[in-house]
């Protein structure tokens, strides 16, 4: 499947924190560069997410903001 | 200013494409790792975005999806 | 690729309206049930979207609101 | 009330799963076509959501992605 | 129609800027407090938006971030 | 830090409700005008949010919908 979301950063799952409805997943997309995702628990289970798994962090371009110091 | 968005990836603006209401901004957050943002033209101008500028790509954790091959 | 977005509705592209940075794509997901998407022009081109093409309308569960009359 | 969100799919609530802050609501918008929503628990209660209730699944066009096989 | 989005701020349209696919709408929700929306041109036309019109700025709770100085 | 999100409404935290992964924060941005945010518990803790604290409710323009009666 190919998706219209412009950003698909390849990485490794560093941690998964379990909630009641949502889980928090941290992905390392480059050495020292981490991306945190909140996804439904059902999705996390369906994807078989666990520490060390190779995944993509996918983000729509319209969901990215730009900040400057 | 400190913000609740969990992800703030430091990077360099690679390109800015101008639209009527929105602009498209590409940020390199690690060597070979790029993040594309769509932001309002007014914001891009207000932030003084241009190729080579140091910026942060900011994303809420609930806007990140996880995909597996 | 398998993604954490909970909703992937199979359908047929009914129309594509071209903008400067974004395109508008209408997908029929069931007889008489249409879903409209705004995606970047670059994504629409990369996916080869055109009237009649079979696609999925993908939506995160946290982006769906519920309304009652 | 009439809203700018382009998508308002009429359907029937199939299930409601209760969380600490958020609930998960599944709506059938056509025979065999389901949409899952994560909304705040307070909203679910305020709308009186329960299995069998007629509702709309409302989604902004910019929150819909397109995928192809 | 009653919707699950937690925030519906009553206000007056101050300006509408027209784009190719999207329009930008500024709403004053309290004296000196303005909220800017980007919505599809089709929605803006369908709602009959124009300077001075009474509207609601509607935002999902999960789309609000918190920042501190 | 200056961010591309068009809306940053100054206000006072009225309440914080704690969840497993997410917290709900209510901010008064003008007398009688409240904005509710759902943010990660980790963010709420990191920002030191508590009743009475001065904060900004930050929202991207593309996350604001417009409704009319």
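Should a chain be cited, it is by its letter among A, B, C, D, E and F, assigned in written order, with residues numbered from 1 in that chain.
Note that contacts are C-beta pairs under 8 Å (C-beta built on N, C-alpha and C of every residue); 3 or more make two chains touch, one makes a residue touch a chain.
Because the structure is a prediction, the values reported are computed rather than measured.
**Student:** What chains touch chain D and also chain F?
**Tutor:** The common neighbours are A, E.
**Student:** Using the touch rule from the top, work out which pair, A-F or A-B, shares more C-beta pairs.
**Tutor:** A-B is joined by more C-beta pairs in contact.
**Student:** Report the chain pair from D-E, E-F or D-F that duplicates the A-C interface, where duplication means over half of the contact pairs agree by residue number.
**Tutor:** Over half of the A-C contact pairs recur in D-E.
**Student:** Mind checking the centre-to-centre distance between chain C and chain D? Centres are C-alpha means, answer in whole Å.
**Tutor:** That gives a centre separation of 17 Å.
**Student:** Indicate the whole-number Å distance between the mean C-alpha point of chain B and the mean C-alpha point of chain E.
**Tutor:** 23
**Student:** If you average the CA atoms of chain B and of chain F, how many Å lie between those two points?
**Tutor:** 22
**Student:** Which residues of chain C are in contact with two or more other chains?
**Tutor:** Residue numbers touching two or more other chains: 1-6, 19-20, 22, 24, 36-40, 42-44, 47, 56, 58, 60-62, 65-69.
**Student:** Judged by the touch rule stated earlier, which pairs of chains are there in contact?
**Tutor:** A-B, A-C, A-D, A-F, B-C, B-E, B-F, C-D, C-E, D-E, D-F, E-F
**Student:** For chain F, which residues are in contact with chain D within the complex?
**Tutor:** That would be residues 17, 19-24, 36, 38, 62, 65-69 of chain F.
**Student:** With touch defined as at the start, can you tell me which chain F residues reach chain B in the complex?
**Tutor:** Within the complex, chain F contacts chain B at residues 1-6, 37-40, 42-44, 46-47, 56, 58, 61-62.
**Student:** What does chain F use to touch chain A in their complex?
**Tutor:** The contact residues of chain F facing chain A are 1-5, 19-22, 40, 42, 60, 62.
**Student:** Which residues of chain D touch chain C in their complex?
**Tutor:** 3, 5-9, 24-25, 27, 29-31, 33, 35-39, 43-44, 47-49, 53-69
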